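Look at the two complexes coming up: subunit A is in both, with subunit B in one and subunit C in the other.
Right after this comes the complex of A and B.
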């Protein structure tokens, strides 16, 4: 029992701490994120600059704190887009059945064939870079997977007695989907959502590292790595700090998803 | 392998490829405003704008454009890059070797390291090691490969001078030097994926241990080694084949970012340049090419799966 919940507890703690750090950044950062301390470039950690300074003498810790906002914003927006669109498509396909299901799912299969980042790059090529477009691109990326999960959940419950009963007394299909079936698939959607959140953080970091995601002056952990590249030997902290932040956030969401899975599936093997 | 299986598999492949091609075509139809003006800017030379409209066929009705695009795809003509003023297929052909060697080396490393490691970690289980293995795997999966790449360059290239800091050495210039030029990027892509595959292999093996046939084999007096390699491994290999197919897409995505880290002139760097320059024909061609390639690889994996276990039918 102890082991089973440790994933969830640690995962929630990590994400909670990062969320706290991000909330604090709304009212307080040790330094202004854009203030350049020119006489203090490439410094290591000190009482004044907790994680050292970057190539312009900006405080790395303040920028990492602020980068949390970008990560949470892009992550939650992308997951919201993925969950809403994916659940609608999967739900309708699964509930309607017949040719509607066939057409929807063939299209989803086709979209699933695009490696995630390729599709995100295509969306950005069309919509242009920027924080919201990055979230949109990453959200679209997760729609096919989530729609499949939603569909299989709906198929599982569609023929059950309580759904049949609701249908018999004349409940409309939309109401059946939302009020009777959706509550039963929430747990699998929570798992899918936290995996998608972890993937969104990695994709945002990757896109911003490529210069095609979040644009300056908004600080983003991926963007910081782009700026830090080539300065590792001079100032390792500048490179290590944003990378650790990304890894921790992704790890937190992976652990949450594994924890939820463990809590629900007694038989399943856990990591 | 039954021919009906193959026929049905190829039919689903065809529908997937059609959806992929249509989606790639439609994506660039919905660009708000005039794509030619988006690419060239509003102050461009009118003659140039007219020439590009002619070239891209933006004046044609959508159905005619679709026909043109389909004909091009089927004949291998993916159009002409605006930035490079060269055929997209020629640009791809020039750079595919770089990406392919990174991807193959990374994929090879994952198979050679992760599968045996997963087996060992499944067989030698102990109470105390469980949380350590679990934590290591989850951390490994969470590390961004481009961050690893930056650290690997700093340590192995800049400090120790064991590898070049970037750039690609073609095969013709010496196989050893060529492999050396893609080693660090391949390792950077492989590490997070090794974590994924170790996890699957290990879980798949452990799953099999609880089956009756394992107990039967043991009670018949077979040695542990025999039960493991003749019985368990054979059954456990199926999910492993599936996951190896699935991670190929991750390897491909990994090469796109890692080529930027190591300044390797492959398809990924070409795609990133194309997106920055809004070179739509080049983006369209690259997306289609890469996605087709990944889809075909998955078909091969499915067929391999079917060969290993003929019971498996298409679902």
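Right after this comes the complex of A and C.
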């Protein structure tokens, strides 16, 4: 009998629901996200405005739905950047060894020494704010961690006999890395990727909260929090809705990462 | 001029630097293999025996050039491959020299299917159509006793003996000249060992393969090898044709090794006394002066502690029997 993997099931359900909500927002939102209902500012939940309205009388639920697009876009772009760059750097460093490994990993250590958010601020200071640049900054933030995981996986498999056998057959180093080693490291990378996704959602919220991430008029959960903070006592719904969305999304991805770890029985990659 | 021997190893030495500390300064050298020389003809088998840590695997990995040696020559088909670049090795040597590893559980990629494992050498070295490759794979699978119907299965679905057959099939699919087998049967059940050894003998007869067969199991080596090299602490102690070595060995270390082989006796007679060596193999970072075996040799004298014995043939023996000992044993039965 297989034990039920409740982490994976619940995590996938949460993320699945949020993804569904986001997909629906592409074709339908209860109200136009920028339509201001002047006479209905700071309202609580009602049949007309499910999660109430904000300081301009805009429908909070519609904006939370639309904010999901930003969250998924930034998350997946950042994770894609992190996984591609991290796997390449970690894979090459681990397989090549010697001074190449030294140089690559010391640079990664250097990046890791900066607090992630400071790094992201630097990237945004250079590239300017905006949705894609936010994703780029967050992606770069995740490269050192992912490259370390890729490198340790490569090191683990590099000395195994089937890799030696591939060398005696005459397989080129790049092909050994891609065909023989990386497929065995994928499970660790999937876990690292889902953790990085959760972290990316948080970072995006943080950057947007500071006003440096996603810019108006694109709705983002982090910026909704910023807009709501002055009105918390008057209208708690306006704050709670995006906060709850962020929490759910992050929780969902963390549960997926734990579930994948349990399913694959890969140990020792706690981040 | 006669054709060059298939393999001629001379003065092969491999040491690994021991690095310590923050700056990775070299603190010493592990002398894994020191000054090993031997030759191998087509279709013949050299057995290499020795206890763990005697440098057997390092020697094998130098010959297939998984490691570059520290010094020496490895002449393969008349060409020195000891310091050949990886690119030239791939072009000229890799397809002709193949290796079989001890543990068939780690020598096959768990994510690949039987077909892709055996097919890979063909994809690397030949431009063949998928159909042609599939035909070749099926032929070699049948030859090593595996059902080609299993070609979609992955290594974990096979038993240890079947996996070693897969490894042999992968090594054979390119029709190599030389197969280096590093303890190929040590991880297998005794009944399976015999099957694999028989298979290797049949293949040799059929394809004219040359083997370097490494084992710590003397009876297996005796069954398959034409010539046996006894290695201790990375040095050759004794080399002789197999039947000769087992009958009239002359090196004290060979004597001790052979006395450790269990023998089933059906009568009441007692065999020769078991010679139990005291102590451990010395540290390879700091091998003893003189003869490396003198610390454990029951016959060691002063000369053994000071002077390294050369590998030479015995005065009244044929040239195939050589050993490194100042005081060879005589009068063995």
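General observations
To be clear about the criterion, the second predicted complex is superposed on the first by the 261 of 271 C-alpha atoms of A that agree within 3 Å, B and C clash if a C-alpha of one lies under 4 Å from a C-alpha of the other, contacts with A are read in each partner's own complex, and residues count from 1 in each chain.
We adopt the following convention: a contact is a pair of C-beta atoms (placed from the backbone, for glycine too) under 8 Å apart; a residue touches a chain by one contact, two chains touch by 3 or more.
Please read these numbers as outputs of a predicted model, since none were measured by experiment.
Superposition model on subunit A: subunit B and subunit C are shown accommodated side by side without a clash.
Touch criterion met: A:161 reaches subunit C, while subunit B stays clear of it. Contact with neither subunit B nor subunit C is seen for A:263 once the two complexes are overlaid on the shared chain.
In the superposition on chain A, A:180 contacts subunit C only, with no contact to subunit B. Taking Cα centres throughout, subunit A sits at the apex of an angle toward subunit B and subunit C that amounts to 90 degrees, reported as a multiple of 10.
By the touch criterion defined above, A:170 reaches subunit C but does not reach subunit B.
In the superposition on chain A, A:21 contacts neither subunit B nor subunit C. In the overlay built on the shared chain, the residue A:190 is in contact with neither subunit B nor subunit C. Among subunit B and subunit C, the chain that touches a larger number of residues in subunit A is B. In the superposition on chain A, contact of A:114 is made with subunit B only, not with subunit C. Superposition on the common chain A brings subunit B within a closest Cα-Cα distance of 6 Å of subunit C.
Note: no residue of subunit A belongs to the subunit B contact set and to the subunit C contact set alike, using the contact criterion stated above.
Within the complex formed with subunit C, the subunit A residues making contact are 160-162, 164-172, 180, 183-184.
Subunit A meets subunit B in the complex at residues 3, 6-7, 106-107, 109-111, 113-118, 121-126, 198, 202, 205-206, 209-212, 222, 225, 228-229, 232-233, 236, 239, 242-243, 246-248, 250-251, 254-255, 258, 269-271. Residue ranges of subunit C in contact with subunit A, taken from their complex: 61, 64, 66, 89-90, 94-95, 97-99, 101-103, 106-111, 120-121, 124-125, 167, 170, 174. Those residues of subunit B lying in contact with subunit A across their complex are 12, 15-20, 22-24, 27-28, 30-31, 130-131, 134, 137-139, 141-144, 146-147, 150-151, 153-154, 158-159, 199, 203, 206-207, 249-250, 252-253, 256-257, 260-261, 271-272, 274-276, 278, 280, 283, 287, 290-291, 294-295, 298.
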